[in-house]
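In what follows, structures are represented as structure tokens.
Two complexes follow with chain A in common, the first pairing it with chain B and the second with chain C.
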Partner chain A sequence: MAKQMLLDAYRGKRTEYAPWVPYAGVHCAHIINEPADKFLQDPEIMAKGIVATAKRYKADGIPLLFDLSVEANSVGCDLKWWPDNVPSVTTHPCSNKTPKEAGLKLPTKDSGRWPVLFKAAKIVKPQLEDLDCAMIGGFCGPLTLGAHLAGVRLFTDVYKHKEFAAEVCKFAGEIGARAAEFYAEMGCDIIASIDPVASQIRPATFREYVTPNSQAAIKIIHDAGITSSFFICGDATKVMDEVCQIGTHGFAIDEQMNMNFIRDLARKYGVGFGGNLKLTLALSLGLLSPREDAIVSLAAGGQHGYTFAPG
Partner chain B sequence: MAEMITIDVLTLDSVQCAACGYMMESIAALPKDVQEMIVYKEWSVKNKDGVGKFMELKGKVLPTICIERDLVFESIIPQYEELIDEMAKRAPSEAIGKRIMSLREVGFQFDKIQENLAKAGSGMHTRVDS
Partner chain C sequence: MSKSKEELLKALAEAVVEYDEDACKELSQEVLDNPNTLTPMEAVMNGLAAGMEEVGRLYDTHEYFVPEVLMCADALYAGLGILRPHIPKAEAGVNAQVVIGSIQGDVHDIGKNLVKMMFDVAGWGVHDLGRDVPLEQFVEKQLDTNSEVVAMSAMMTTTMLGMKKVIAMIKEKNPECLIMLGGAPVTKDVANLFGADGYADSAGNAVSEGIKMIGRLREFQASKK
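Right after this comes the complex of A and B.
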């Protein structure tokens, strides 16, 4: 395993070969035959699953968690738990009021599941160090977290009630900055803002709500000397210039993007990029050969700022 | 059964994928009077039925909201008014179209979202064996 090579790739540098990150998430629970809901709430089980998965896949880096409900839950959103998936956010405290009117407070290390994560990280970190594997912290980005707080109305409010949307996304950005602080304190080698729904908006909307509300977290990560990234999902073609310019060292995309397009864009902006093994079509459904898909990704990505990863 | 507008939401998985979840929620949060005129379902490509529907409707990206078999919102979570306008354009009768347009100023309602999502099978068919 090769942590330094991964950090170099995330920062857009040349590497001997493409390092590899399985964004394992609740698959870590499956690896140790535990249900996802139990895995996500028990630090010992979580740690066991992460380390077992890092070893199983010979990972150069692995996320501590891939669950975008943590931040929302830590400020008051209710969750529905699933045995084979991440929890879903079921209530939106800002569906009819601003964060201030709803009395929402920034999370502390004791809020929600943050104590579970601190305990899990303490167990995981030295074991990943022994494996030369990076620990990745990922927090919910401002638009996705804004949607968790306000519900689907946010996607109308970004055009029709801009003041409200701005207030919600600003608060979401402040929560993200707090989460970045927590992940830095846990000892994460890489911290990523994960904003999947940022692909579902127009470029101007991205520049208005996502870019500014990501800056506080990015500054915290960079001031701590930690490598940063921005993860986006779906067909993000229309906002990729904005993603490249958001200020992180790199970004990661999913299976719906064309890797040649992404590679050329990342090199133009001098940032790292990761993806995009086809999680659904190849790994889950087997409609494409995972081996051939991997070869296509590796050939397109090359050895310059590229991290091989599922998309 | 009264004439209804059919909405198919093509997703990866509305539980795991936040964008897919909010696409589903944009339909589930439509007000009660609109709910009475629509029938909708999540089609996750994690199972064969979902893949079949994706191919049948000639889907290109995930998530996508299809109204009356048209790919209408592809990787764009719609605004309330956009949804109303696109449903009205494809209404099975002029009367239903007018009735939907009369609800254009109502806005999303959040009190029945979980109930409506359950009716649409949201998150229930997102396994390869489901």
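Right after this comes the complex of A and C.
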């Protein structure tokens, strides 16, 4: 395992070979035969699953968790739990009120599941150090978190009620900055803003709502000397220039993106990039050979700022 | 001077594309006020729905994104609300029903609501189960309503896997029911692997796929007689 090589790749540098990160998420629970809901709420089980998964897949880095409900839950959104998946956000406190009107407060280390994460990180960190494996913290980005807070209306409010949308996304960005602080304190080697739905808006809308509301978190990460990234899902082709310019050291994309396009763009901007082993077609369903898919990704990504990872 | 049929249809389609709810309402009222120009059904199918088809094209070419598509849908519904009560039942499109919902574990319903809208426009009877729908509920509702089509959507890879179970349950109880899948992780290969009859990679394709499937069902039933 090679933590430094991963940090170099995330920062867009050349590496001896492409380092590898399994974005395992609740798959870590499956590895140790535990249900996802128990895994996500019990620090000992969470730590056991993460370390077992890092060992099993010989990971150069692994996320502490991949669950975008943590931030929303820590400011009052209710969750529905599943034995085989991350929880779903079921209530939206800003569906008809601004965060201020709804009385929402920024999370503390005692809010929601943050205590579970702090405890898990304390157990995981030294064990990952022994494995030379980076610990990655990922928090919910401003548009996705804004959609958790306000519901689907946020997507039309970015046009119809701009002040409301701006207020919700600003608050979501402040929560993200607080989450980045927590992950830095936990000792994460890499911290990423994860904003999957940011692929579903125009570049101008991205610049208006996502870019500015990501800056506070990015500053906290960089001031702490930690490597940063921005994860996006879906076909993000049209907003990739904005992703490259958001200010993080690198980014990660999903299986819908063309790796040659992504590689060229990342190198143009001098940032790291990661992806895009096909999670659905190859890893889940086997419709494509995972081995051939991996070869295609590795060939396209090369050894310059590239991290091999599922997308 | 009142608009010609072509002008009115074009204006309705443009109002949808430009997500202009007020224009959709005004033009729909104009259709009702000028019954000799075009029928409400023509206005829906060749005006509002035609506009939505263009919206689908703009989405596919990345000129429109989710916010624009949702606002276009709002505009279409604004017109539909005025026109639909005036469409005679015999004229109201395909005489068929669909059970629709987002699969258990999935709280995403943007795509599902767009597909639902297209079924609405085409005159289908729509039984919307909402989001995060338990797998058995699709089967129960299909049997209760004897709907010809069950349409399921999933936005996540993990929840998508539940669709396969629903298809098996429905096909066991009613092999003639047709299943349509949609959602971000669902590809044509996935739909085939799961045993679905149709696949919609966008809201705009769902209705044409559904109508084709109904045609196939009727052919199948006729062949059995």
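Worth a mention:
Definition applied: the second predicted complex is superposed on the first by the 311 of 311 C-alpha atoms of A that agree within 3 Å, B and C clash if a C-alpha of one lies under 4 Å from a C-alpha of the other, contacts with A are read in each partner's own complex, and residues count from 1 in each chain.
In the analysis below, a residue touches a chain if its C-beta (ideal position, glycine included) is under 8 Å from a C-beta of that chain, and two chains touch if they have at least 3 such contacts.
What you see is a predicted model, and the numbers here were worked out from it, not measured in a lab.
If you put the two complexes together on chain A, you find that chain B and chain C bump into each other. When the shared chain is aligned, chain B and chain C each come close enough to touch A:85.
In the overlay built on the shared chain, the residue A:95 is in contact with chain B alone; chain C does not reach it. Shared-chain residue A:205: touches chain C; no touch with chain B. In the superposition on chain A, A:159 makes contact with both chain B and chain C.
When the two structures are aligned on the shared chain, A:68 is found in touch with chain B, with no touch to chain C.
Contacts of A:234 after superposition on the shared chain: both chain B and chain C are touched.
In the superposition on chain A, contact is made by A:287 with both chain B and chain C. The interface of chain A with chain B overlaps its interface with chain C at residues 80, 82, 84-85, 88, 90, 152, 155-156, 159-160, 197, 200-202, 234-235, 280, 284-285, 287.
By the touch criterion stated above, chain C contacts chain A in their complex at residues 62, 65-68, 70-71, 74, 105-107, 109-110, 132, 156-161, 184-185, 187, 189-190, 193.
By the touch criterion stated above, chain B contacts chain A in their complex at residues 12-19, 21-23, 25-26, 29, 45-46, 51, 61-63, 74-81, 107-108, 110, 113-114, 123, 126-128.
Within the complex, the chain A residues that touch chain C are 80, 82, 84-85, 88-90, 152, 155-156, 158-160, 197, 200-202, 205, 234-235, 237-238, 279-281, 284-285, 287.
Residue ranges on chain A touching chain B, taken from their complex, read 68, 80, 82, 84-86, 88, 90, 92, 95-96, 144, 147-148, 151-153, 155-156, 159-160, 196-197, 199-202, 233-236, 256, 280, 284-285, 287.
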